[in-house]
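In what comes next, chain A is part of two complexes: it sits with chain B in the first one and with chain C in the second one.
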Partner chain A sequence: MKLNLNIFTLFTSVLLILSPLIFSNEFSPEESRRILFRVDKLVSYEGMDFSGEYTITDFRPGQGTSRTKTTMFRRDSEDTFTIIIMEPISDKGKGYLRREDKMWLYDPVPRRFTVISARDRFQSSNVRNSDFTKSTLAEDYRIVGHTMGQLGSYQTDIYDLEAVTDNVSFPKMKIWIDQNNLVRKFEDYSLSGRHMRTTAIPLYTRVAESYVPSQIVIQDELRGKEVNGSFEHQRTIISVEKASFMKLPDMVFTRAYIERVSR
Partner chain B sequence: MIDIKKTGFRLPVYLIVLFIITVIPLYSEDQVSIDDLFNQPPVEQENTDPDIGIKTDNSETEDSVNLDDLTTSPAKFSGSVSAGLGMGAGLIEWPGSIAAGGRSFEDLMRYSGLYSTTATFSVDARPEPWLRFYSSVVISLNEDTLSFNGPDVKELFIDYTFKDTVFSRVGRQSLTWGHGRLIGNPANLVSRVSEGIAVRVTLPVGAGTLNGVVYSRGAWVNNPYSNINPLTYAYAGQWESSAGPLAFSLSSHFKMEDDAEEDIAAAGTLSFGIGSFDLAVDLSGHWDRENFAYKPANWEALGQFFWENSDGRWSMLGEYMFDSSVDAWMGHYAALGLKTPKLASGWQPSLRWKHAFQDNSGELVAGISGGIAPDLSLAVGIPLVYGIPGSYYRAELITNLNSDGNSIPIDNVVSLLLSITLSFSF
Partner chain C sequence: MISLIFTAKRNFFRNKKRYRVLLMALVVITAVLTIVLGVVLGMRIALYEKASRYFAGNIVVMGYRGNGSSLIENPEEVVQSILHLETSDIPVLGYSRRSTYYDFNNIELFFSGYYIKQRRMVGVEWDLERPFLNGFNFIEGSVPLAGDEDSVLISSTTADQLQIAVGDELIVSIRSDRGHINTAGLIVSGIFSESSFFGYQTYVHRYTLNRLREAPLDRVNEIGVYLRNPLSNEAEAAQQLTLELENTLPVFSVMETRDDYANQARKKRDNLEYGVVGVSAQLEEIRDLIQAITIITGVVIFMFLGIVMVGVGNTFTMIVWERTREIGTLRALGMQRIRIILSFLIESVFLGFTGVILGMLLGIGVLEIIRNFASFPPNMVSTLFLTQGRLYWLLPPWGILLIIALVAGASILGSLQASLRAGRLSPVEALRRGK
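Here is the complex of A and B:
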């Protein structure tokens, strides 16, 4: 009995000494990149063209709802995308073209392209222009913390991320990764740690071997309104339909194409 | 992964339940917690299935974006109408100033009214993916004669795309190059394209896009060259590209015996972002063809910044421009535009300031606008103009024009303007 107690004491002591190493939240840069690359890979479409119809519904408590319907073309291998606004009728024919770090907005009324920031809000919604690009978590962030937790029905790994570049919309993030390595939720934070935005992806569509987030809910943590005694946040819901990886003509990713399809 | 063979008829039930728990809460009246969107149905094995929340789509060839739908459509007729009514009250000089010459407040006060009605009708036909016809005509009210001007052809062009690569537009069209928005746009070498007819071709060249434009205006025909003489036309070209964070363009323009500009012009533009600022620099030069060697070029330079705060509610646009054609290097101009958050009622305030350093004249306009009923908007503006009469931003006084022989100032030093506008599209 005494021997057993000594073994138990020794085991407990060793465990206590080693626990900071065993349960450490520290990730080496390589391991951080490896984990985030695995996440990026599932929703990045290298070597393929992507197209889909995005319906963006913006809920502003006390102000009503607006809906924007767009057609999206994306070519990750060239870091480019084109977005054509289809609805509402007042914005029909507006188009966005992103090429690497540059982004243009075409306004069909003055027939003019304007250079805009990828960090800008898309059509005044809670969506950033940068949200339409391929996932580059492994390039832009490093893991600085890890826990595990339940997100509704999902068992998730929760990672705290810090930006390693200035070319991101938010310098800090927290992401929830499910057992399929799909991001289910992320929270965006300012440099001072202020919670700015929460994004949920309750539904993905699997097309061939890739995953397309087909339902995305973005909640602005700063903007909203008191309605019937409770605070309601501004929310944007994105639904993606007609997701496809069929080859697209090169011209789709040019300013001339946006002019051609605009009203 | 949902195995249809295994789940059998349970698959539709599963999808319906999935729809109910994910989609319906998104559109419900009460705002549900974000985390509640992940509460999957506790039905059989679903909540331990690693593939919950994943839908499989095997029908991509049947249900994908049809490119031809974007570039073809039957002929569409559309229009927009805008009718406005306004009134203004202002001072022609500041009471008590030397310029006021001892006149009373009432003597310095002027009242005005304005009416405007504009109707635009357009036809857009895209019979084939490579072919499009577009035309728009405008009818507008002449405020002085209360009769309608027009119809004027605003745009009338045909698009033809060759092998999904070369895009061309032929006819009356609008085109803007350069970044300037507040003071001027010196790199817009094609600003007069909309006054005539043009042939424009756009095609990829190298890592960028090449634009070529040939155009002419009514004033150039038979003055001095006939309409079949190539010298009647202006020729412009632009190559634009981007590299990393930089976007840039080089452009040139040539017109023999140009009546408004020098015969030869060239421009370059550069834009990039630093932090939360978007920056742009434009430079243009104009040369006299006959005195190219010894007459100095006229240079114009524009610097621009655009800033927007993180939640997009505040934005600021600033510009500085230098024009070497003003004597003694005095052609400096600056401008600033500010957009503030909308007020609780949805009203949008704005502020714009422009200044010419050559004679220290300028204008400051504070305004607020918003909708007061469906299709009906109200705007209130307070323009303040400073500088001596005849300076860059303040026009000369026009004297003895009205029936009682009093002078009528073009620009008040300060005014209060109120306008109500009805506008809709069909």
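Here is the complex of A and C:
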């Protein structure tokens, strides 16, 4: 009996000592980077060019809906993209160019480029200019928590992320990753922990070895209006069509190109 | 001389029917002068006080390194220098220690789905600035209690846009100095009516703003000084404070113009250097606007005074003509030319002073009615010049003396030619020509 008690005491002590390691949600930096890199890799197109037609529909409760149609050209290996606005007519010809850390907006009326921030809103929608860049979760965030959960029909890993760089707008995030390592949902939080934005990606299109999000729904958690007794959030839906990984001429990622196509 | 004054007084009251119209004109012109001067000076004070509240004080200490924004690394030394101002005979009402955040794109306020952008967020110490922040025209609520880090003061325009009231929780979102979005839930403590001329702004506790910015909690960006007589000694105080600062800190100069202020902020420096700027330098454009208004008003008033002078001149010509026989008799009895001239001039002085007294009473009455009963639509221009929603007036002693000098001067100058002509009349000719 005495021996049994000692074994029990020893076992409990070991369990107590190791419990933080066994039940912890903490991830080592390497583990964190490995998981997030796997996620980034599926939606980043290193070594190839990407182009597609983006339709951005903005719903403003009580104000109506606006639609922006754009053509996007992206080259992740050079961290650059070009966006040309096709619709609405009033904004037709406007162009966005990102090269490394710099970003410009071209307005065809005064025929002028102005420097803008990647953190600014795209055409006053809930989308930020940085949302069009390649996914860099592994570089910008580390995992600080993990749970499992069901998201619709998907069994997902839910990770709590914290920014490790100052390059991101939202210092805290929560992401839902399905069994195929695709991000199905993420929530953006302010530094103080306020929920600012929710993004859902219900549809992906597989093109070659990569995945292209073909529908993205972004909900602003702070903006909205009470309509017929219930609160409706401002929402933006992005639909991606005609996705292609065909090689693009270098010229596409220049200011001269934007000026030419905007004429 | 006393007999002359009595004669002039008697003649003035005898001819009061003839003077009636002229007196009315003088009363009106004096009232207009009183109203215009009182309103312009009152507007100037209101604008100056608003600007002082906006810019942290009547004179403000800035610390520049060359990146365009101010930082005070030695707040204790700066405050000591401000306290030393008292020993230089510059009375100080108080001082402010603020952190400030300018970024039109990244200051947002949210309430129940509504949102608005702000140009500027100011971090203050409620108790330190209470006497000056109480100068706001509060539509609802008041300045929060000392040390309250969870309260916010917003403008009425912001409150209308957000449909928020005192006691509601507002969400403030800014981009921190590290580029992260940061938020805080703050309770609206007061809603003030303020002009949008300087841009919409929100007041929070200094620690709250620093926490939102991910900056050290005790960071100070500007230290301002509220003076007892700012309009008369702002420049002197700025100069004196610069000298005081020089004793302990590296100082560049007093920034006397808006351009100087902008240039100093951008000028590259190896180390942090301090400078002092007065509100007047920040208000250069508005000062020009007020000067332009004053000049236009001055021209109109001088035109009126010219008309009054012509009126006085004509009336006195008539009076002299009517009293030619009387002048002849007085001259025949031995009255000197100079006494004839003086008797008419003293009459005009009576006329002028009666007009000034009645006109000032009328003007001050109108100013009081405007102050107590006139309401103005809350737009950018009117709110800029109002104090607590009212159009206050100010008439300092020099203003009163100026009005007296102008109106009485116009009356005397107007009558001068006719008086001289009366003095030149010979007794024989006057007795023959007179009625």
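Quick note on the criterion: the second predicted complex is superposed on the first by the 242 of 263 C-alpha atoms of A that agree within 3 Å, B and C clash if a C-alpha of one lies under 4 Å from a C-alpha of the other, contacts with A are read in each partner's own complex, and residues count from 1 in each chain.
The criterion applied here is as follows: contacts are C-beta pairs under 8 Å (C-beta built on N, C-alpha and C of every residue); 3 or more make two chains touch, one makes a residue touch a chain.
None of these values were measured; they are calculated from a predicted model.
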Quiz item: So, on chain A, is it clash or fit between chain B and chain C?
Solution: clash
Exercise. May I ask you to name which of chain B and chain C touches more residues of chain A?
Key: B
Exercise. Pick one for A:Phe37: touches chain B only (first), chain C only (second), both, or neither.
Key: neither
Quiz item: Thinking of the overlay built on chain A, is A:Met196 touched by chain B (first), by chain C (second), by both, or by neither?
Solution: both
Quiz item: So, does A:Gln219 touch the first partner chain B, the second partner chain C, both, or neither?
Solution: first
Quiz item: With the two structures laid over each other on chain A, which partner does A:Val207 touch: chain B (first), chain C (second), both, or neither?
Solution: first
Practice problem: Check the residue A:Asp166 against both partner chains and state whether it touches chain B (first), chain C (second), both, or neither. | Solution: both
Quiz item: Quick one: which of 92-100, 236-244 or 254-262 on chain B sits on top of chain C after the fit?
Solution: 92-100
Self-check item: Contact residues of chain A, present in both the chain B and the chain C interface
Solution: 61, 117, 119-120, 166, 190, 196, 222-223, 233
Quiz item: For chain C, which residues count as touching chain A in their complex?
Solution: 105, 110, 112-115, 171, 173, 175-176, 178-185, 214
Quiz item: In their shared complex, at which residues does chain A touch chain C?
Solution: 61, 117, 119-120, 163, 166-171, 190-192, 194, 196, 222-226, 231, 233
Exercise. Could you pull out which chain A residues touch chain B in their complex?
Key: 51-53, 61, 63, 71, 73, 84, 89-90, 99-102, 104, 110-112, 114-117, 119-121, 124, 151-154, 166, 178-180, 182, 184-185, 190, 196, 198, 200, 202-208, 211, 214-215, 217, 219-220, 222-223, 230, 232-233, 235, 237, 241-246, 248-252, 254-257, 259-261, 263
Quiz item: Taking the complex as given, what residues does chain B use to touch chain A?
Solution: 1, 18, 22-23, 26-27, 31, 34-40, 46-47, 50-57, 60-61, 63-65, 67, 70-71, 124, 132, 159, 161, 164-165, 167, 169, 173-176, 179, 202-204, 209, 242, 244-247, 271, 273, 275-276, 278, 280, 306, 308, 310-312, 346, 425
